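One chain, chain A, appears in both complexes that follow, with chain B as partner in the first and chain C in the second.
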Partner chain A sequence: MTGDQVVKRLKAWAAGKPLPRGSTLHVHIAQNPDLLIVAFVRMGGESAPWGIAYGFPGTKPTILTVPEGRNRTLVADMAAEFAPALLRHFRHRDYDRGSPAGPKQIGALRQLWLPNRTHLDMLHFIAYAYTFTRVGERDRAKTLNKLGRATGWLFREAMRPGQQTVMVASEALQTAYTFPAEDVRQAHLGFLLAWAATKGGRDARLRAAGDAERSAVATSLDPPVERDDLQPSVDDWNEAHRNNDAKAQSRHAGAIEAKLRPELVRRFELTERAIEVLRKDPRRVNRGVESLVAVSSEELWYQFLRQELKIDDKEDGPAITLSPETDRHPAVAASRYYVHEASDELYLSALVHDDDEMQAEAVAEGHALRGIIAKVEDVDPGRRMEPIWTLIVNDDAPLRVREGSWLCVAGLPKRSARVRSIERAGPGKLEVQVEIIGWKKKPKDGPRGVLAADDPRLVGADVTLVPNSGEGMFRRKSQKAWERGTPGEWLTHSRPAGPQTALPDDVGENIDDLVKRLGK
Partner chain B sequence: MAEVATADGVPPSTGQSPFAIARGQTFERILFRNNGKTLHEALVEAGVLSSRSKGFADFRLRMNGGRLRDHDQAIAGTSKLLQALATGKEKVAIIASATVRLPRLIMLPETILVSDVVAVTGERKAPVLVVGEIKTYPDRGGHTDGGELAQARAQAGVYVHGLRTALTELGLAASISVASEGFLVLSRPGVNRPSIRAGEDLRFQAWRAERGFKQLEEAAKGLPPPGDKDPIAAIRGAETDYRQECVAFCDRAPVCFARAVRESNPIVLGEDAARFLGKVSLHRAVALIEGAKPADAGERDVVRRMGIAAT
Partner chain C sequence: MKGDGARSALEAEAKRQTTAVRRYVTDGGRLGIVRAPPGSGKTWLLLDAIKAGRTAKMRVAVAAQTNSQVDSICRRFALMETGFTITRFAGGTAQPGTLPKGVEWVTETKELPHGPCVVAGTTAKWGLVNITDPYDVILIDEAWQMSWADFMLLGQVAKAFLLIGDPGQISPVVSIDVARWETAPRPPHRAAPHVIIEDSQLKRDEWSLPGTRRLPHDAADLVRPFYDFDFGAFAQPGERRVSLDPGGKGPQDRLLDLLRDGSAAALTLPTPDHGPPLEQDVELAAAAVKVVKSLLARGAQVADEEGKRKLIAGDIGLCATHRSMNSALDLSLPRELRGQVRVDTPERWQGLECKVMIVVHPLSGVLRPSAFDLETGRLCVMASRHRAGMIVLTRDHLGSTLGEFIPTASQAIGRRDVEGRGLRDNLAFWTRLTAAGRVVSR
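And then the complex of A and B:
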């Protein structure tokens, strides 16, 4: 935690309630038909779902359960029943007649909302179980393969900074509010909602939050629920299963379902409530979220739909079914690494221009500068404009900006600048000289009232310079990772070798095929 | 601790899932069946054991799928095996549930340590014991929970320290060594096959374990003497040091948290907040935020840092 975050947490404690974080909201919330909520429960020690709840906000969730979470056939049948809903939602061509045929046809972004991070882990477990499975009836195995690929992509996408496709409700609330509580407790969605929605002062909210966290929201159930409510029925079902007693099996399965249903519904409804809290927030959504949504839509096409259609892409690589474990080919790893770097750059730079509080945080952390323009000059003797601004800034926090750093004017991301010098200008003051590189002239298509960078009327103006985004550079690097004849080709285009690289095709991606296609 | 929590008026909520316990037992049974064949193959593949290594010693109790009646039998068997290994009379590759007794300290009773699994290497030279820790949770590569891995390493470190102490007690420290590197045995997601994480550095965990035993000895001085009429009351009356990690494993966490709130301890907002405020209480921090005048140099410093950070 930064000092600023600690102070905000203290202020939230003093106020006795969660406080808004940022002057705008940084989360995209899709319309109800584009927003699928999914919640899981699992049997203790298992990594497969025991029950699944899914549906759209404002509707009754569909509940699927199996009587025995350790029975792989039953679990696979349940997963295959769930698969069409998820694949249709993410517009898979086999389940959506209007499935996009290119990145421009994505339309409104489809989102998946999950209660907390353990539910995200379940997506990963499902990817492990089914991406390459061949077990069981052929059509079911194919459906499960699609489900495995979809959940694998969703899990990977959830790791990309700033993505807006897979939303973990507890984290979305933490992005929007500062809660007066420890980090560990903030993973509990019920705890956060009790703090946010309970009426009254600190004591009432604290009490409600303490009560709420007694009921599990994670995929695991409370041990007493398993021990006292479920284990006897599971034992009975197993006994009936061994005896081939269909009637008794059905009865015990019903009893198990009756215990699992409320657990699933509670997790579903908590997620629904988190969405409601965010929708009711009076703050507007940050204008930068639009760029994040656009990139998320592109990722849906390039990393999922395109791969399902088996279309190779010059800039995003050949279509390949990735292993849930890791990137086994260096070009895949390099490309995705740069995509993550680009996303991280975009995330901050897209939001900071439309959020005063984020700008203040960046200044407090020393990543940005805030000061008064003391001098404006054009140092180019000819017709070419070379504007230099001299800023006076307070020297009251550690500064991470250095000579040579690239910044841009807050609110005007295209007006970029390079720091030429940083000098002391008296007690508690610094003199910072920056050269304006981008948008030097009065922009034709920019916001109103923006002056040319060499306009003397800028003297005396307050200005905030925030880090300039390197997103484009990293994006280009991610594309270059696929090209031959570029520096680093010896690494990105070398064939993986060494222990554990030769894997059966039901465990990892088909590296031979990828190497062949990269060699074209 | 569940009993103490009940006495505090808090219904115990932690404990283990019966299904998780059963799963753990099944996983261990699979690893050790047929003289540890599955585990041996996995350890050879991970480079912990050589393909020539062989031999399996099993000191598991009946309740855990073994043949031994009690810990005494397991301790005697393990000691005998260690002596035979030291003299080269016996060779094994895997020891299941190696059980050692640590000598009694002044305040603490004697301690019995049961290591999940120990691999024996150094076929041509003196034997080297490599400690392994078995966990049922799935190995998801870089996505495996870091906290759980740290916990497993810490446990393995305790066994490294325990085995070294036991070898010294048996006078075998010169002829058998315990490796500072160990391994973790996790499951592969969705299946009951092992995934080995070899080369785990346990040096610092073993040091921590050694220090932990000394601290336990210190802590034991505050415990009621054996035979005390009301040990639960004594534990309830003892000082506690609440922090957020307690939430994950201790039934008494709500009691200690409530006490920390009553005492206006900033730890209720996390360790960063506690560090930030130092000796300044939460109550005073709130007052300072609301404009109270700092009473001393510590409070002045907090106000200054709040001002800077909140600019």
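And then the complex of A and C:
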């Protein structure tokens, strides 16, 4: 936690309510038909769902439950029943007749909203269970494989910085507001919503938040609910199951479903309310979110739909089923690592240009510079313009910018600059010389009123320089990680040996197949 | 073995290693790794290998991790006067600066020389361009600062690889969540030599340079726990020292007096009841500057192989892990010392040295250390820059913080316990200083 975050949290406490974070919203919220809410419950100690709720905001959720969460067959049947809804939502070709045939046909981005991070973990558990399963009837196994691949991709995508496809409601709220509470309590969606939506002062909101957090929103149930309300019915169902008493089984399953249903509905509705809170926020959505959505759409195509269609891509690698655990092939691992690095760069750089508060934070943290242009000169005597700006900036915060750092003008990401020198210029002042590298001339298709970088009228102007994005470089690296036929590939791209990569095909991905495809 | 005998043995071993590496390069060795303790002459070994490769009419590529490292290699190679040109392969927007004769500046791939040559660039530059005329070998300096992902991109440059570096130093910077790749057979975020060494299937040759030429004898003992291999010190006990005119009896003077019979000493300041300042500890910065001023005021003299001479401000370095703390250190310096006493982060101190270092312990502002805090790379860099003396400054909770900490072993299955090992090594470092009576409390 940074000093700035501490101050903001204290301010929120003094105000007695959550305070907006940033001058714009950094979250994309899809239209209702493009936004699927999913919530899970599980038995204590189990990693499989006991019940699933799913549906669109404003509609009644579909509820699926099994009487015994430890019974793999029942859980797999339930998962297979849930699979079409998720796969259709993400436009899998077997479930959506209009499934895109290329990245440009994605259209509006489809989103998945989950109550909190434990529900995201459940996607990972489902991927582990079903990505490679061969158990049971063939068609069901194939459906489960598709579900496993989809949830595996969703879980991986959720780890990519700035992605807008898998939204964890509690985290979306924390992105938008500073809550006056400890980190650990902020994982509880009900707690956050009580702070945000309760009318009245701090005491009223605090009380409401305290009440709200007594009801679980994680995938696990409150222990007394599970132990006292559900366990007797589960025991009864197991007894009936052992006795092959179908009638009794049905009766007890109904009792269990009746107790799990309100738990699932509560989690679903809390997620719905979080979306409503964000939709009602008066701030506009940051313009940079559009680029984050565009990248998320590309990822949907390249990392999921293309893979399902088995289309290889020169720059994004062959279509393969990735392991839920890790990337065992070096090229896959390196390529995805670079994509995440690129996304991290894009996330901050896309948003900072349209958010004054983010810019102020970057200046306070020393990642950005704010000052007055004291001098503008063109140091190239020839026709090639080489504009140098001399800025005077306050030296009242730690400075992480160095000579050689790449920056760009806030609001004009293409006007990039490299820091040439940083010198002291009297008490509390620094003189910073930057060379303008990008957008030196008055841009033809840029915003109005932007002057050429060597225009003397810039002298005296306030300017903020924020970190320049290295996204493009990481993207290029991610593509180059696939290159084969190089002299050193015997080492850099060799198939790792050992038990980690020699996995049975019902457990792990087929590395040999990948190596063969790469060798084409 | 003592004195000159020990030094001769180290010299002989260093020579043997250098010859072996040279032969390895010219004989077409495919994958070699050289582990080098701080100040052990690895750049010299690299330059020797470059020269050998070029003499054997090979196409030699050289990679380092920063532009300044590459520039330094080019300058030093040019100064060797081998008669060979070294091509500095730079980014299009980089500034050539002043380069000596024998260094050619090239920014376009198509302008790179054909036939036998030496071309040096950053790993990033080599990785991003399209090499159509590959090299016989690529020699990689500071290889422990390079991630496996970045190393993979060098596959296009050459068929043979020699990685040289200091395994105790700072690992590649990771700014994203890498949980996905923690158990990968080739984790893209980890240092490339680590990945190679941990893969028993990858056949390679390994060497370890036998000793540090930079560090005083007792400093080598202090940093050795940070390494997985043994090494010695060329300097023998008592050869390197800082001597001072007599001072007072206060903690500051007692601290400096400790440098008369050893190269390392530490000063602790009381930890405030509400805990130590997190990043910027102004009181500690003032104490560090007071040490600088006292060293100069007491007419400190440094002795090493170059002889004995008066310590000047340019011989002193200051180092803290946070840039904001370095800002505070810089601002606390009197105007006449600013710009002379180098103040920087451990990342930027890598590869540099000075006579006396004054360092702020990385855990001084940390009461509940994380695995990142306990990782010893930064401390190792800080404690291995000096030729004669080092002063460590910290808040006095350090011993108890380390002593009471219980590591959680939360690393991925099959991976090293970085937190537990970091704790052990940090404890070893601090315990060695305290047990030897080299810590003064204020």
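Quick note on the criterion: the second predicted complex is superposed on the first by the 511 of 520 C-alpha atoms of A that agree within 3 Å, B and C clash if a C-alpha of one lies under 4 Å from a C-alpha of the other, contacts with A are read in each partner's own complex, and residues count from 1 in each chain.
Note that contacts are C-beta pairs under 8 Å (C-beta built on N, C-alpha and C of every residue); 3 or more make two chains touch, one makes a residue touch a chain.
What you see is a predicted model, and the numbers here were worked out from it, not measured in a lab.
Q: Taking the superposition on A as described, I'd like to know which of chain B and chain C A:336 touches: first, second, both or neither.
A: second
Q: With the two complexes superposed on chain A, say which partner A:325 touches: chain B (first), chain C (second), both, or neither.
A: In the superposed model, A:325 contacts both chain B and chain C.
Q: In the overlay, answer first, second, both or neither for which of chain B and chain C A:476 touches.
A: Only chain C is touched by A:476; chain B is not.
Q: For A:418, decide between first (touching chain B), second (touching chain C), both and neither.
A: second
Q: Name the contact category of A:501: first (chain B only), second (chain C only), both, or neither.
A: In the superposed model, A:501 contacts chain C only, not chain B.
Q: Per the contact definition in the header, classify A:185: touching chain B only (first), chain C only (second), both, or neither.
A: first
Q: Tell me which partner A:90 touches in the superposition: chain B (first), chain C (second), both or neither.
A: A:90 sits against neither chain B nor chain C.
Q: Take the contacts of chain A with chain B and those with chain C, and give the residues found in both.
A: Comparing the two interfaces on chain A, one with chain B and one with chain C, the shared residues are 3, 325-326.
Q: Which part of chain A faces chain B closely enough to touch in the complex?
A: 1-11, 13-14, 43-48, 69-70, 72, 121, 124-125, 128-129, 180-185, 206, 210, 214, 220-224, 226-227, 231, 234, 324-326, 360, 363-364, 396-397
Q: Please give the residue numbers of chain C that touch chain A in the complex, ascending.
A: It is residues 30-31, 67, 93, 124, 127-128, 134, 138, 148-161, 175-189, 199-202, 278-280, 322-324, 327, 338 of chain C that touch chain A.
Q: Which positions of chain A touch chain C when the two form their complex?
A: Where chain A meets chain C, its residues are 3, 156, 159, 161, 325-328, 330-331, 333-334, 336-338, 340-341, 344, 366, 398-400, 404, 418, 424, 437, 473, 476-477, 480-481, 483, 486-494, 496-498, 500-501.
Q: Which residues, counting only chain B, touch chain A once they are in their complex?
A: 13-24, 136-138, 140-143, 189-190, 244-245, 247-248, 254, 257, 261, 266, 268-270, 272-273, 276-277, 282, 285-286, 289-290, 305-306, 308-311
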